[in-house]
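The chains carry the letters A, B, C and D, assigned in the order they are written, with residues numbered from 1 in each.
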Amino acid sequence: MGRSVGGPILEVEGISLSFGGVVALQAVSLDVREHEIRAIIGPNGAGKSSLLNVINGFYHPQKGSVSFKGRKRRRVDPHEVAQQGIARTFQNIALFRGMTALDNLMTGRTLKMKSNFLHQAVYWGAARREELEHRAKVEEIIDFLEIQHIRRTPVGQLPYGLQKRVELGRALAAEPDLLLLDEPMAGMNIEEKQDMCRFVLDVNDQFGTTIVLIEHDMSVVMDLSDRVAVLDYGRKIADGTPDEVRHHRAVIDAYLGVAH
Amino acid sequence: MHLKKLALSAAAASVVGLSASQAVAQDTLFVPLFTYRTGPFANSGIPIANGMHDYFNMLNARDGGIGGVKLAIQECETGYKNEKGVECYDSVKSKNPLVITPYSTGITLALIPKASVDRIPVFSMAYGLSASAVGADFPWIFNPPATYWDGMSIVLKYIAGKEGGFANLKGKKIGYIYFDGGYGLEPIPLLDQFAKEYGFSVTKYPVPPAQMQNQSGLWLSVRRDRPDWMVMWGWGAMNPTAVQEAAKTGYPMDRFIGVWWSGSEDDARPAGAGAKGYLSLNFNAVGAGYPAIKDIEKYVIAKGNSQTPKGTVGDNFYNRGVMNSAVIAEAIRNAQRITHKKVVNGADVRRGLETLKISDERWKQLGLPGFAAAIQVTCQDHNGHHSAYVQQWDGTKWVKVSDWISPMKEKVLPLLYGAANDYVSKNQPWPKRTEACDDKTL
Amino acid sequence: MLYREVGQYKTSYGADQALFPILQDRIGITVILLFAFVGVPLTASSFTLDSVLIPVLVLSLAATGLNLLTGFTGLLSLGTGGFMGVGAFACYKLTTFFPNVNIIVLILCSGFFAAAVGTVFGLPSLRIKGFYLAVATLAAQFFLSWCFIRIPWLYNYNVSASIEVPTKTLLGIPVTGPTASPVTRYLIVLSIVALLTLVAANLVRGRIGRTWMAVRDMDLAAQLIGIRLYQTKLLAFAVSSFYCGVAGAMMVFLWLGNAESESFNINQSFLILFMVIIGGLGSLLGSFLGAALIWGLPIVLRAAPAFFGLRIQSATAEQASFVIVGALIIFFLIVEPHGLARLWQIGKQKLRVWPFPY
Amino acid sequence: MTHLLYGIFIDPFVQMGAAPDLLVQTLWEGLVSGVLYALIALGFVLIFKASGVFNFAQGIMVVFSALTLVGLNEHGVPAYLALALTIAVMLVLAFAVERVILRPLVNQPDIILFMATFGLTYFLIGLGELIFGGDPKVMISDQLQLPSGSYRIPIFGGYLQMQKIDVAATIIASLMVAALAVLFNRTRIGRALRAVADSHKAALSVGISLEQIWVIVWFAAGIVALATGIMWGARSNVSFALEIIALKALPVLILGGFTSIPGAIIGGIIIGVGEKIGEFYWGPLLGSGIESWFAYVIALVFLLFRPQGLFGERIIERL
């Protein structure tokens, strides 16, 4: 392992979130250390996705705070979070279906592009140079994810597994420091899962990207992650290494117990 | 790649243009008729189109055309839309049209500059740009028998007559309900000027095109303001709605007077008994009891060469169409007489129009005795500022209720020349008149 | 066989990112442009220029504008007519203020006024989407056409309440007004449209275009990627309105020569929308195909009977064209929701693999 | 400046106080046109509720049905037979729409179906003019025994003038709403309709095929359109210019929401009354004619403060 887990990069403190009467999260705290793979598990409706939505500023919690790279924030807009270096994938794919895989990845780099409107309009000088640089970067990711053959295909027409892969690519294109993966392997067959696991590990390994991962497949979680947090009914009921969690009483009751 | 498509349609169009021009043989008098039998203005457009069409067909059937030369009539549907009108113009201008009848103020305005350059006369009978009556500035445009300003002055004259003289207009309130476009806006300067001079007040009720059939709010204001008289410059679907709303609000119909474009049977009929007493200007007679119209029924309608619905022959706007064609026909005869040619062209007809003179005697010879006031057009005055009369709806038909009332030229002309200068100065460089005046040479 | 990429290897991303990566397309477009700039002016009749080519080009530009907004950014607008009107009246005022400035410059400038107005009426799009936004743009449409009649200053207090185009010359040649020859006006329109189309093509293949499409396809995800929704949408409104404005200015100055409020009414907006739908949402090519079809069809229909020696009332032809256009819209949506442009693509794809089925 | 402020904030209310009868009259006129807007909106809602299609053609269906009725009568068909035939025509239309538009386009994005109804609009305009001619027609009110004339009720020293036809319109409208309410809430079809609104599969479980439901709602919308057409036709005349007015149903929907029948009614009345009051009391300030856009502005302003409409509930966006 060419990576060394460092200090906390993300700290979530006492987050409480509710819609009208429905409580999604209450007083949830957890930290993510640099370069680690952090898993969040829990039954459906435990509030996992809500937590991610809070982290990248899509939901605004009533209580608590999130601090990223030591900078504390209460209420931010998603695009600011993106600027700070957090990217994510989604439980049910949120790709730009009308655009090609290539364009999806290029869009992932929007924040890194600076050329102004006029240059864009004439597509010359700065704009063109920029496009080509970023194209090169994106091609690296395309090679990395082995999706060269579907570059020019509108993603709407791609099979599910590949879409998931493109979505990962789009997140990587932003060269994030923290990558949030919401059930990256949901609904995949075993080969696809293995590929995806490989990608996740390689990303973490080669780019040293910190990864927060929501996943149902226990085996995957246990193999991949350094530390696991368990949510149930919006509360964190356990946190620790896979082994610790695996033997945690509450977890067994709340989650593994009812698991197949 | 898109241009491939363009090229295709271009090819199609040019082929088409070709075939169409073949349709117009060499030894005919080609008179295109811009008409609108579709859209929200069709109720006014259809009878006029029928009248124009039938009269020319009658000339062809009865006299074999004009001066022995057959007329070639071609309708072009404009739907009262300017783009379509301009397209119609472009599609006929290369086929030596003798005269253009736009039948829309908007289209007329669009064609005035073009026609002057292409040397094609435009005949806009009592509509279009009032200022185009000034022959010195608009040698190719003709708008007899009267301009909107003449019309407004006639209306006010009539009102003054009812009130017992212009002096009594002092302190009176006149409501002006108008189509919210060039056509309705044009008379306003004159109306305001009169208001100042005679001390009556004017309240304006514009009807936006989109609201033509939704005037109840506006007529509430009328009920609030209680004008002593209502004057209407309406067209299309606006007219019947206005008459109905007036009846609803219980406005005294015999104090509600429309211009000659707000006086069709279909404008009054929908309001049923409520419309009884509604007044409107007119400059052509109503009814089918004229030899020429009898001939139309005999030579055209009876033969089934017309799409005129039974019973609409002799209606106001049908007769308006007939008059329109009769005047054009007379202008063509004039042109043949002046030029000693049988097959005349647009330039000749312009001269024919500039020397146009239809006396009462001549109207009789045309089989239209007393059908309209005598018309004279000169090369200075392309309008003539002729008289109109007031007609009243008796619940089933129009009845002439006034003598021919002459417009107040002394008031109209200054405005007219002002407007003409304004137009010319705003459209510099405006071509100087080069055409000679025939009435001197003749 | 003719249409094959085989053997055309791209050695740089630059080559791959080019507007027309495939050789045959490059040849094709050059030929077509040559024909449009040289062939047409030499051959076409004045009717073809005045009533077919110029209108289609002008409307194509408006359609392109709407397509940038509706097709690329997914914001449905029914205010196109109004925005065209802003361009037209702005251009008219500019000619009165700066009578000596090159008219083409003024036409392009008038686009900026439309852009400004468009942006203002785009503000609601920050809060509302879809049909709701369509209604907001309807408000713009009706309010603007009301302004065009109710603010006499806009038409220099002409009694006719309409704007006439003064004759303007360029290097001594009249380019607007009645004396300007159709060929001159055609060439100017063609140049402006070609130029702006190129710009549009550049915008949509670059960063800006991608952000627009991202907002269209999934605005939430776009937000989480770091795209500012507000700026993106407003930019789309501005650019779109700019195109519509220029189209409107050209419509008055290089096509009709005169206009009034009614020339930019709601029906205009619908017409442009139909062109975009039939042509293909999200395709620049589509805007042109759509415009050509919707404008060309009635003309052909009007002339077709005469062509086959039939006599049909021009009114009937007009009505028939309504029926056919309506049926066509439905037909296209059923067989190919993505419009003519997609059919063209499919055709090319077939050609590419010809003679094999796939 | 002060004059302007006076004109905006004081004068209108002074007027209202000075001539309360006019105020009542204005409210009545607003109510009537509001009811007519509401009827058009109702057609939208019916179809949207059941098939998720935003039927832009509703406005033209109003004109088309009325035109068919009058046109048939002009061709010598007795009024009531013509009415029956028109209803039949609307049924045929419903079938045709289901077969030709909805079935092939099912599962397409809403926007595509929306566009398709644009096509339908054009088609119906052309067809109507082809068959019956483009000239606006006079509604055959007498043959249909529609009431004419008006009630004149003295109030506040002035009077309130109510056209009998308008009264009839309001009554018929309310009856129709009641009938639809029953249809939706009491009958098996109604359950199916509501089921479809949620999910298409659910509908099948109720034992009614999607196709049938579509035909039913489009037919119902057709009937509503016919009623609207007759009423509005009787107030002015039957012509395609009505189509533009039909657009006023859009702001109504914005207020009422796309799926709520009471919403359509209340929205319609708000818009109708709002624009009449606006035109009557504030219009003169702006040189009148503001009625053409005022309704949309009302809706727009309303949208900015309550994007989900009167009856819609706030949507929580999820990922």
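Please note the rule applied: a residue touches a chain if its C-beta (ideal position, glycine included) is under 8 Å from a C-beta of that chain, and two chains touch if they have at least 3 such contacts.
These numbers were taken from a predicted model, which means no experiment stands behind them.
Asker: Which chains are in contact with both chain B and chain C?
Answerer: Touches both chain B and chain C: D.
Asker: So, comparing C-alpha centroids, which chain is the farthest one from chain D?
Answerer: Using the mean of the C-alpha atoms as each chain's centre, the farthest one from chain D is A.
Asker: So which chain ends up in the middle if you average the CA atoms?
Answerer: Checking distances from each chain centre to the full centroid gives C.
Asker: Where the CA atoms of chain A average out and where those of chain D average out, how many Å apart are those spots?
Answerer: Spacing between the chain centres: roughly 48 Å.
Asker: In angstrom, rounded to a whole number, how far apart do the mean CA points of chain A and chain B lie?
Answerer: From the centre of chain A to the centre of chain B is 73 Å.
Asker: Using mean CA coordinates as chain centres, what's the chain B-chain D distance in Å?
Answerer: Computed from C-alpha means, the inter-chain centre distance equals 37 Å.
Asker: Please tell me the distance, in whole Å, between the geometric centres of chain C and chain D computed from their C-alpha atoms.
Answerer: 33
Asker: Which residue numbers or ranges of chain B touch two or more of the other chains?
Answerer: 37-38, 180, 206, 208, 210
Asker: So which bits of chain C are touching at least two other chains?
Answerer: If we look for residues of chain C contacting two or more partner chains, we find 142, 145-146, 149-150, 220-221, 224, 266, 315, 319.
Asker: Could you pull out the residues of chain A that touch at least 2 other chains?
Answerer: 58, 90, 94
Asker: Taking the complex as given, what residues does chain D use to touch chain B?
Answerer: Listed in rising order, the residues are 15, 19, 22, 25-26, 29-30, 32-33, 129, 133-136, 138-139, 148, 150, 161, 163, 232, 235-237, 239-242, 244-245, 275-276, 279-280, 283-284, 287-289, 291-292.
Asker: Sort out for me which residues of chain C touch chain A in the complex.
Answerer: It is residues 12-14, 16-17, 199, 202-203, 205-208, 210-211, 213-214, 216-218, 220-228, 235, 282 of chain C that touch chain A.
Asker: Which part of chain A faces chain C closely enough to touch in the complex?
Answerer: So the residues of chain A touching chain C come out as 56, 58, 77-79, 81-83, 87-88, 90, 94-99, 103, 106-108, 110-111, 113, 115, 117, 120-123, 127-128, 130-132, 135-136, 139, 170, 174.
Asker: Residue numbers of chain B touching chain C in their complex, please.
Answerer: Those in contact with chain C are residues 1-10, 12-17, 19-20, 23, 35-38, 75-77, 79, 82-83, 86-87, 90-91, 94, 105-106, 109-110, 113-114, 116-118, 129-131, 180-182, 185-186, 188-189, 206, 208-210, 307, 419, 422-423, 426-429.
Asker: Report the residues of chain D in contact with chain C in the complex, numbered from low to high.
Answerer: For chain D paired with chain C, touching residues are 54, 100-101, 104-105, 108-112, 114-116, 118-127, 129-130, 134, 244, 247, 250-251, 253-254, 258, 286-287, 289-290, 292-293, 296-297, 299-300, 303-304, 307, 317, 319.
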